[in-house]
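Lettered A, B, C and D in written order, each chain numbered from 1.
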């Protein structure tokens, strides 16, 4: 098969760098250009030491971008929207990893991000979560990658809201996130001696990904996010708490997950009664495109605890975007996403 | 001042070992005996390498215990209650670090622990949290140390329930705990290559400490605990989520904390608008008796997120027990508990 | 191409489990059976959570092994040699990951391991390091995987001894190893609260891998190993110190490495004058089959510091064994070993 | 006893901050002023969260320094020497934690640091290692704190060179250091996602502390340092390799250590034949002023491996400086340095 050419804008950052890693191993993709203003002229491996010996690409400044079949954008939030015409003219297929075009609801966008420079384009991008929007993605030329915390939260809760098994009311979500989520730019807060060993409450209230979660879950539930950063480099562990409808049981929860995710190649239900690794753990999906999902029901109270573990840079960002691209191109959905993760 | 003699039953474990560390530096305590069945005959430093050069004590089997002024018991749950007479006869002052006598409500005990061998003794021990029971502790000969997760939860929530600022309804608590909480006994689950780097959902529902929390919080609120083990060795970060009464504000929350904790030597309210370390973080209370407490209010929803960070072995176990002992003996409350923690 | 059938003896351990992970993704291998006495009957993913959804294999007891094209043995040292006939009868191609048949020199074996049950078989296995023995491996039916520390040491030093650039005299090697090196069996020493955060001098003198190093390096140099365990789960960082021949320069060192490793698919020379990641670091080869090698010369003393970073379970064990198998079978040498590692 | 007043120049950094932590708990010291240009006006706890509730001090700019009994200087290397008169005029007792006045030999200084602005002052400061220079420290008004890596190396090797048990020849030292050693200033190299989990060869050759080591060890031996940074925040594990004189035995090594360190309050010889923690480990001296020292002899080769573990910020910097100050003032030598460290 002819390879498709691809360029990545902002490939020295963690999201862009992860898409680059995946694309370099993808049999049908040929990475032609990667941009980085700061590292222009440097070989890719200067920034991403894992790619030593894997490519001879050097970073170029964004001005030197040439047309390609696919353009992946990993720019600071707001930049793509500002320079939309320029980038949209370079490739028929656009994958944006920022928050610029994730939302459809302008009010929600305003509440969490402020004014949008191109509000008329909201709704023109398909939200790139295959588990929710596979059919639309088959025909999507413009795709907006989901937020990593939103991905974990939505994937954990979607079957329950779709299946109508939860009692109406607030859903409390605690997100254990990692330090790569804050990006590749050093700061006093990211200085290793300050950061290592910390459990840092990062965003107890008002998390921006709330908007995506609400917009994409059936019935627009009341979801409350609290984000705490561990000192893992990668990974998210989402736990959500809500109450099951009176009279419903664990069986109904199983049923809801099966109906929503039967046949999904990257969803695994993890729920063991014995053994060392009984529930989802972000460690064991590191580097992979899996979302491991589990739950536990407290019989006497009806409280349901839902868990989801993903790698924030793979299933949470570059992985679901590549999965969406595979769908769009009619390629096998798992192509380039086969890494199984490590144990121990 | 004359020193008081002290013996520790179960001093090779982590809780007993921590009390030992503190007691060895306490100016009015003289540790006479420490027991360990498995390590009987070995010097204390064989098990606790931090105590090299600090003491010549060797572990003895519990049968060789002699009378002392104070007896600290750190036995597996249930053992002290079974052998109560034997130990109670050895010292006028007893400090139990197990769960045997923490609860007053027999029904609660049964729900979480099963039958109690000496139900008539429930209620005879004072729950050793100085912030709640300082007055009773002044005259307490028998003290029951609080559970570490209960300590973090109660200290974070007590002022809010005492001050009546919360809307009635469920309170959702997420506890990020550490690997020392599971004790000193190796197991497949504690094997380093399996455990390191993991975020392990440990007890999503049905946590035993729920009983203590409910019993000691004003009004017996509906509290739901979910415990997740990070791979920190020490420390707890508790976050709780609930709603503020309509019309109440951040000021009322501040007021509630000030009223409950004004003058408390080991409570610090941590809530900074800027800087790197804005909220409580268990890392910076490691080795100390502090409970750092913070909160954040989501204005548009009235959701209050409360945080508390403690060292599970100090403020969560041996530290509050020693603080209680200081109170009981009429000594300065902070004696032996002065370590400020490390940065970085 | 027809797949070759493969069975793994001892697949619940870390070395066997890693070979299993690699083999499951290999296009020409079909894993038919995996043995584990302790976990017989359990699905593979019960032990290796990364393999959830990747295979339906269950562990079988070794007695149920059937003939296969290839047999991989990952047994405790000594077991394979004891039961040699039984296993050798099951497959024409044998890959042993233990130390039983690594050495040729019986005296060296005796010094480090004691008596050998089948001394006549020493020398019948080819040492499975492709960089040294590629030609012999093409025709090897019996292969002995190298020790992980020996792999790092040999790969770092081989070109220098082959090229004759070192002054005769002792070579001092410090090995920073990880906790998976001690295997999957829990012990008091591997208990997470005891192990995490430690830098544990593990084997300051008398390391068994000294035998392999000496036997396989040209000229049987005097090599001294000191092994220190960090609390990484995977990875080895080897540093070696020796003196360059008088008058020789960095250029000669470069030359030696180029001559020995030109064209090697899994050796990368890492030596940058600027940037964040200038030298080999085991973190960035985690999960990969790369050996990253670097060096630095102290001009005024002639001291040469050599570094090598590998993943102990991949390039250090299962990876070089699979690479050797690829060579033996005439398959592309990198097949199944393509994972590039992660950044960050 | 009357307290002595003390000021710390550069107290927002890690070395100055550590001296501050220790001084705040010292019964005979009263910290009057602490300087930080960047954080002037901020409370001390804004930078050092462990000191919340322990002091009301705020940082002042260095220009506002007033006279005190003791001045501790923790400035970037070179600054104190440049502004010597100004600071020397403020207090009769000066403790410098930089490298400016550590060396006596101008040639050595030049080789590693370049020209010295005040060469006539070299030799006027006493090197503040009590184990080597206790007598001189009793009368020292000006003291130069030792480098952290030099401290570990010297303390490990000093008894052997003093006792003459080593065969002449090169001594190879590998230093496993931590991230706090690079200071409090963020950089791309210290960015947590880049740094965490790394074993980063930091200074394979040409380490500046070589000068101190050579100058202070009897006989000016040939010592080669290689420094590798783990991702611990604190701690140094030094291992040294050399050969014992022919015919000498482990007993002679024991003898050398006993003679040099008998009665030393902060030196512990750690060498156990069994148990989990057999050798020095920086984890268990974290926060303490101990130097744990051990060794192992390889009988058949005469190779001696020496180990020393310290906390780089305590025994490696602020701790030995405070110990030296205690000696100078005639106070008990362990005052303010009693913390025993934590287990687990």
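A few points about this structure:
Here is the rule we go by: contacts are C-beta pairs under 8 Å (C-beta built on N, C-alpha and C of every residue); 3 or more make two chains touch, one makes a residue touch a chain.
Chain by chain, the UniProt names read as follows: A, B, C, D = [LysW]-L-2-aminoadipate 6-phosphate reductase.
Please read all numbers here as calculations on a predicted model, not as lab measurements.
Against reference pair A-D, the listed pairs C-D, B-C or B-D yield one interface repeat, B-C (criterion: more than half of contact pairs the same by residue number). Looking at A-C and B-C, the interface holding more C-beta pairs in contact is that of A-C. Distance between Cα centroids is largest for the pairing of chain B with C. Between the Cα centres of chain A and chain B there is a gap of 38 Å. Rounded to whole angstrom, the centroid-to-centroid distance between chain A and chain C, based on C-alpha atoms, equals 35 Å. Mean C-alpha positions place chain B and chain C at a centre distance of 46 Å.
Shown for chain D are the residues that touch two or more other chains, namely 14, 180, 184, 188, 191, 193, 197, 233, 277, 281, 344.
Shown here, the protein chains touch in all possible pairs.
Against chain A, the residues of chain D that register as touching in their complex are 14, 179-180, 184-188, 190-193, 195-197, 231, 233.
By the touch criterion given at the top, residues 14, 17, 21, 24-25, 46, 48-54, 180, 184, 233-234, 268, 270, 272, 275, 277, 281, 284, 286-288, 290, 292, 338-344 of chain B touch chain D in their complex.
Interface residues of chain B, counted against chain A in their complex, comprise 170, 172, 174, 176, 188-189, 191, 193-194, 197-201, 204-206, 224, 226, 228, 230, 232, 235, 237, 239, 241, 276-283, 294, 296-298, 301, 303, 305, 307, 309, 344.
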